[in-house]
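Remarks on the structure that follows.
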Amino acid sequence: MEINPILQNVLAPPVLFFLIGAISIFFKSDLEIPAPLPKLFSLYLLLAIGFKGGIEIQKSGFTDQVLPTLGAAILMSLIIPLIGFLILRYKFDVFNSAAIAAAYGSISAVTFISAESFLEGQSIDFDGFMVGALALMESPAIIVGLLLVKFAAPKNRPNSRKMHLSSILHESLLNGSVYLLLSSLIIGFLTAFSNPSAISKMEPFTGQLFYGAECFFLLDMGIVAAQRLPSLKNAGSFLILFAVFMPLFNSLIGVFVARFLSLGPGNALLFVVLCASASYLAVPAAMRMTVPEARSSYYISTTLGLTFPFNIVLGIPIYMTLVNKIIPLPPM
Amino acid sequence: MKRLDLIFSERELDAIINTLEKANVPGYTVMKHATGRGPERVVTEDMEFTGLGSNAHVIVFCEQELIDQMRANIKSDLSYYGGVAYISEATPL
Amino acid sequence: MEINPILQNVLAPPVLFFLIGAISIFFKSDLEIPAPLPKLFSLYLLLAIGFKGGIEIQKSGFTDQVLPTLGAAILMSLIIPLIGFLILRYKFDVFNSAAIAAAYGSISAVTFISAESFLEGQSIDFDGFMVGALALMESPAIIVGLLLVKFAAPKNRPNSRKMHLSSILHESLLNGSVYLLLSSLIIGFLTAFSNPSAISKMEPFTGQLFYGAECFFLLDMGIVAAQRLPSLKNAGSFLILFAVFMPLFNSLIGVFVARFLSLGPGNALLFVVLCASASYLAVPAAMRMTVPEARSSYYISTTLGLTFPFNIVLGIPIYMTLVNKIIPLPPM
Amino acid sequence: MEINPILQNVLAPPVLFFLIGAISIFFKSDLEIPAPLPKLFSLYLLLAIGFKGGIEIQKSGFTDQVLPTLGAAILMSLIIPLIGFLILRYKFDVFNSAAIAAAYGSISAVTFISAESFLEGQSIDFDGFMVGALALMESPAIIVGLLLVKFAAPKNRPNSRKMHLSSILHESLLNGSVYLLLSSLIIGFLTAFSNPSAISKMEPFTGQLFYGAECFFLLDMGIVAAQRLPSLKNAGSFLILFAVFMPLFNSLIGVFVARFLSLGPGNALLFVVLCASASYLAVPAAMRMTVPEARSSYYISTTLGLTFPFNIVLGIPIYMTLVNKIIPLPPM
Amino acid sequence: MKRLDLIFSERELDAIINTLEKANVPGYTVMKHATGRGPERVVTEDMEFTGLGSNAHVIVFCEQELIDQMRANIKSDLSYYGGVAYISEATPL
Amino acid sequence: MKRLDLIFSERELDAIINTLEKANVPGYTVMKHATGRGPERVVTEDMEFTGLGSNAHVIVFCEQELIDQMRANIKSDLSYYGGVAYISEATPL
C-alpha cells in the first residue's frame, strides 16, 4: 500500500522522462539539451503556472483559507532556513550554512508542478491560490539567509558592499524567476478580471501545452541532476544526509501546519511539497552575488542532485501518504 | 597595444563593464556562455538555466596605462567573485 | 470615452506582458530571455501570420477591395519615407535621414499582430488580405531609402560598391523576415487551394498557439524596448519627438486613405497601423549593410524604444478612435 | 498518373516549407534559423514520434506482423551497408566506404515522418509498430560499418584505441538520437499500459503540435540541404549518382521484402522509406568519433544534400507508386 | 606564426571570410553571438533578433606574409563597416 | 605564464578535458558553438544539430612546464581527430 503510490508516480510520463534523462548520464549517452533551451522551458513553466494561478485566484476569490495559508507559507519560508542553519552550522561555516539553508527555505517550482500533475493523475482537487503560496515562498528565505550572513559573520568579511538592506531586497524580490512568476500571476488575475475572453485564447499555450513541456523540461532536469551527483561525493556524507532528511523533516512540519489550517488533501500535499522542496533558481542567483564566500557547488549539488530527484520520484508519493495519514478527510 | 582577457561569472558582467567604462577603454567584446573550471568552481553548460549562469569572456584591446588604471578595481572584483585576468601583447593590423 | 479603449488595451495579456518586460528593466530585475529565443518567436510569428494570411486570401478571393488596398499600401510605403526624409533633413545628414525615414515607411509585424489581437478582443472583423498589405509594405521603403542615399549623396561616399540596383533589390526583397513572411503567405495560399485538409493539421501550431507565443515575445519586446530608452536620450529631443509624432501623422494620412478606400473599421485600423508602425527587422538589416554611414542606434532606438511601445500601448486604441470618428460605418 | 502523386506531395506544407528553405539559399536570402533552435525541433520530433509509437504498439499489441517486420527491418539495416560498401569500394578507401555505407543502412527519422504525413494526406492507414522498426534500424548499420573498418582495414590504422567492441556498441546504442527515440518509445508504451489518462494530456504537445513543428524543422532542413550542395560538387559524380541511385535500389529491395511480409500499402511505404533513407544524426556522430579517417563532408553532403531532399520531394511519391504496383491490395 | 583577431558585425562575415579564403589562409575559427562596444556602436544581446544582429569574433593562425597580403582588404572592410583587427605572436604547440 | 588555445570538434571535448585535468592545469575555459575551416574540414553553424556538431575553443592559462607535459597527449588527440593548438605569452594582471 505504500509502494503502490510510488510506483504509480514513477510510471507517469514526467517522472519517466526525468529518469531517462538521468539514466542517459549513467550510460554516458551523448544526449544533450543545449543552452538556452532549458531556459526556454524554465521561463515558459514559470509564466504558465503564474498566469493560470492568477486566473484561479481571481475566480475563487479570497476565501477564508487563502490568507491563513499564504501567511503560514511565508512563516514556513522564514522558519525553515533558521532550522536548517542551526543544523548546518555543526559542519559548515556561516556563509555556506546560510546559503544552503536559504535554498531549503525557498521552493522549487518544478517540484510544485510535478505535485500538481501527481494530484491530477489521482483526481484529487487543489486550489489555484496555492500558486500564490509558491510565489510568496520564493523570496523570504533569501532575506533570512542574507540577514544570517549579515549578523552572524560581520567581521569575517573583507568586502560587504553588497549587503545593504536595499540590495538584499533587490536580490530577493527582483530575481528573474521570482519576478516572472509574480508578474504572470498578476497578469492572470487582471485578465480573469477584465478580459475573460483572453483566457481561452491563452489556454492552448499556458494550458494544453503545459504537460508536454513539463515532460521535456524534466528530461533535461534528469540530465542536470545526474551530472550533479559526482560533485556530491566531494560534499561529504553530512550534506548528502541533509539533502534527503531535511525535506522529510520539513514535510513533517508542513503536514502538521496543513492539518492546523484544515487544508484539503490536495492543497495539503502542495503545501508540504513547498516546505520540502529547495530552490535552484532564485536562491543560487542571489547567493552567488551576495555571499560569494559560500561554495556554489554545495547549495547547487544538494538541491539539484539529490533533493530535487528525491522529491520528484519518491518524495511526492511519500508526502501524499503522510497527508492521508495525518490529515482527517474533510467532512463531506 | 595590449590585449586584456577577463573570464568570470556572467553575474558580475555589469560590475566589470562599469569598471571598463569608467576607465574609458576604447571598446570591449563580450562572449557569454563560456564554461570552464577554475581554482574555485566548475561551470558547466547544463547549469546555465539555473541561478548560477555561465561565464563571460571579455576581451579589451587598449593601452597599458588604461590597464594600470583599472588594475585595482578589476582585481578586487575578481578576487571577491572569482575569475581570471591576463594581459598579452597585441598590434593593431 | 477616449480613456476607456486605452485602458482596455492595456489590460489585455499581450500588452501586460510587454509592460512587465519593460518594468523589469526599470527595476533592474535580472529577468532575461537569452538569444536566440527571441529569434525563435520572431520567426514563428512571421511564419504563422503569413500562413494564415495566405489561407484567408485564398478563401476570400480577390474581392473589389483587395487590389486598391494593396496598391494604396505600396503607395504609402513609398510616400511616407519621402515625407520623413524631408522632415529629418532639418537635423540629420542624408545617410541618417534616409535610414530613419526608410524604417518609418516600412512596417512592424508585431504591431500589426497586436492590432489584430485588439480587434479580436473588441469583436471587430477584419480581412485576411490585410496580411498581404503587411507583406507588400516591408520592402518598398527600403528601396526608397537606398535610392535617396544614391541620389542625394552621390559624392560624399568613399565606397559605394554596394549600391548597385541589384543589391538594393536583393537587400529589400530577400531580407530574411520579408522572405519568410512572403513565402509563408504563398504556402498558405497554395495549401488552402490544393490541400485544404492540411489547414486543420497546421491550426494547433499556427493558430491556437499564436496568442500565447505573441505574449511571450512581447515580454521580450518590453525588455528590449526599455533597454533602448537610455540611448534615446543621446539621440536628442528632435528624434524623440519624431518617434511619437511621425506615427501620429502617418496614422492621419492612413485613416483618410482608408476612408477613401471605403475600408471597414477593422481593415481600416490595420491599414492605419501599418502606416504608423516602423520596422526593426528588415530595414535595420538592409541599412546596416548598405548605409553603414548611418548610426544604427538612431534608427533602432527610435523604432524599438519609442515608436513600438507607443503604438502597442497607446497608438492602437487612439487609431481605433480615429477610425471610428473619421470613417462612416459601412451601410448594413 | 505518375506526376500526380509527386505534385500532390510537393504541394503539402512540409515539402513546401522545405523548398522555401532551400530556395532561400539559392537566392542568397539571409533567412537563418540559428543554433540551437534546429536541435530543439530535432529533439522534439524524436521524442514525439517515439512516444506516439510506443502508445500505438501497446494499443495494437504484438500482432502476427510485428515480429517478422521488425526482424526484416534489422536485417535490411545489416545488408544494405554491406551492399553499399561493395559499391563504394570501387572509388573510395575502406574508411570512407564504410562510413557512407553505414549512413545509408541507417535511417532518417524526418524522412519517415514526412512519409507518415504523406500517408495521412492520402488517408492511407499505417501501424504504430513501424516506429519500432524506425528505432531498431538506427543502430545496426553503425555496428556493420565499424566492423567493416575493424576487419577490412586492420593495419592501415595508426591508432585504433576506439575500436573495442564495447565502444562500438556504445556509439551505436547510446547515441543521443537513438537513445531519445528508444526511450520515448518505452515511455509511450509504459504510459499507455499503466497511465492511459496521461495520453490525452500529452496529446497537445506530442500530437497536435507535431505537424507544425515538422514544417518548421523542414524549413531549416531545406536551408541545410541547400548549403550542402556546393560541397557535393567536390565529392565527384560517382558519389552524386550513389546518393540518388542507392535509395532507389534500396527501395526496390524494400518493396519486395514488404510484399513478402504481406504488409499493407501504408506499412509497406514506411518500410520502403526506412530502407531508402540515410542517417545524418546517429551515424555521422558515431563515425566522427570512431572513423576520423573518413571525410565527414562525404557522408554528410550525400545524405543531407541529396538523398534527403530527393526522398522528401520525389522519393516518397515514387515509392508509393512502386508499392501500389508491386504489392497486391490486401484481400478485403 | 601569428594570431589575427577580427571582431566585427556578423553581417559582414561573408565578406571577411571571402577575403580570408582568397588569401588561402590555412584555416580560421568563427565565434558568433559576441557583443560589445566600439568607438562607433554598442552591440547588445537583446538586439540579436533584430536586423542588426551581433558581432562575430574570427581567429586566424597564419604566417605574417598572409596577413600582409590581406591587410588592405580587411582594413577596407573594417573601416567601412566598423570592427577591430589585432595581431599577436603565437607558436604552434 | 602561457596561454594555450585549442580548437577542435566538440565531440572530442571530453578527451581533451581529461588530458588537461590529468596534467592538473589550474583551470580552463571552454567556448562551444565555434565554427570554422581547417586543413581538413569545414564546420558550419547549420550543421550543429546533426551528429557532427560544431567546434569547441578551449583556453588554458598555465605555466610552460604543464604545456610540455601535456604536449604529447594533446598532439595525439588533435592529429587523430583534427584541430589546432597554439601557445602565446600571457601575464597575469
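Each chain gets a letter, A, B, C, D, E and F, in the order it is written, and its residues are counted from 1.
In the analysis below, a residue touches a chain if its C-beta (ideal position, glycine included) is under 8 Å from a C-beta of that chain, and two chains touch if they have at least 3 such contacts.
Keep in mind it's a predicted model, so treat the numbers as computed, not measured.
Interface of chain B with chain F: the two copies contact each other largely through different residue positions, with under half of all numbers used appearing on both sides. Superposing the C-alpha atoms of chain B onto chain E requires a rotation of 120 degrees, rounded to the nearest 5. Averaged Cα coordinates give chain A a centre that lies 33 Å from the centre of chain B. Centroids built from CA atoms put chain C at 41 Å from chain A. Centre-to-centre spacing of chain E and chain F amounts to 20 Å, using the average Cα coordinate of each chain.
Multi-chain contact residues of chain E (touching two or more other chains) are listed as 31-33, 45, 88-89.
Within chain A, contacts with two or more other chains are made by residues 30, 34-36, 39-40, 175, 204, 208-209, 285.
Residues 35-36, 39-40, 43-44, 47, 51, 170, 174-176, 179-180, 183-184, 186-187, 190-191, 194-195, 197-198, 201-202, 204-206, 208-209, 285 of chain A are the ones touching chain C in the complex. Taken together, the chain F residues at the contact with chain B in this complex read 1, 3, 26-33, 59, 61, 88-93.
Every residue of chain B that touches chain F in the complex is listed here, in rising order: 4-5, 7, 31, 33-39, 45, 55, 57, 67, 71, 74-75, 84-89. Across the complex, chain C is touched by residues 8, 11-13, 16-17, 20, 23-24, 27-37, 40, 120-121, 204, 208-209, 211-213, 215-216, 219 of chain D.
Residue ranges of chain E in contact with chain C, taken from their complex: 9, 11, 33, 40-42, 44-54, 76, 80-82.
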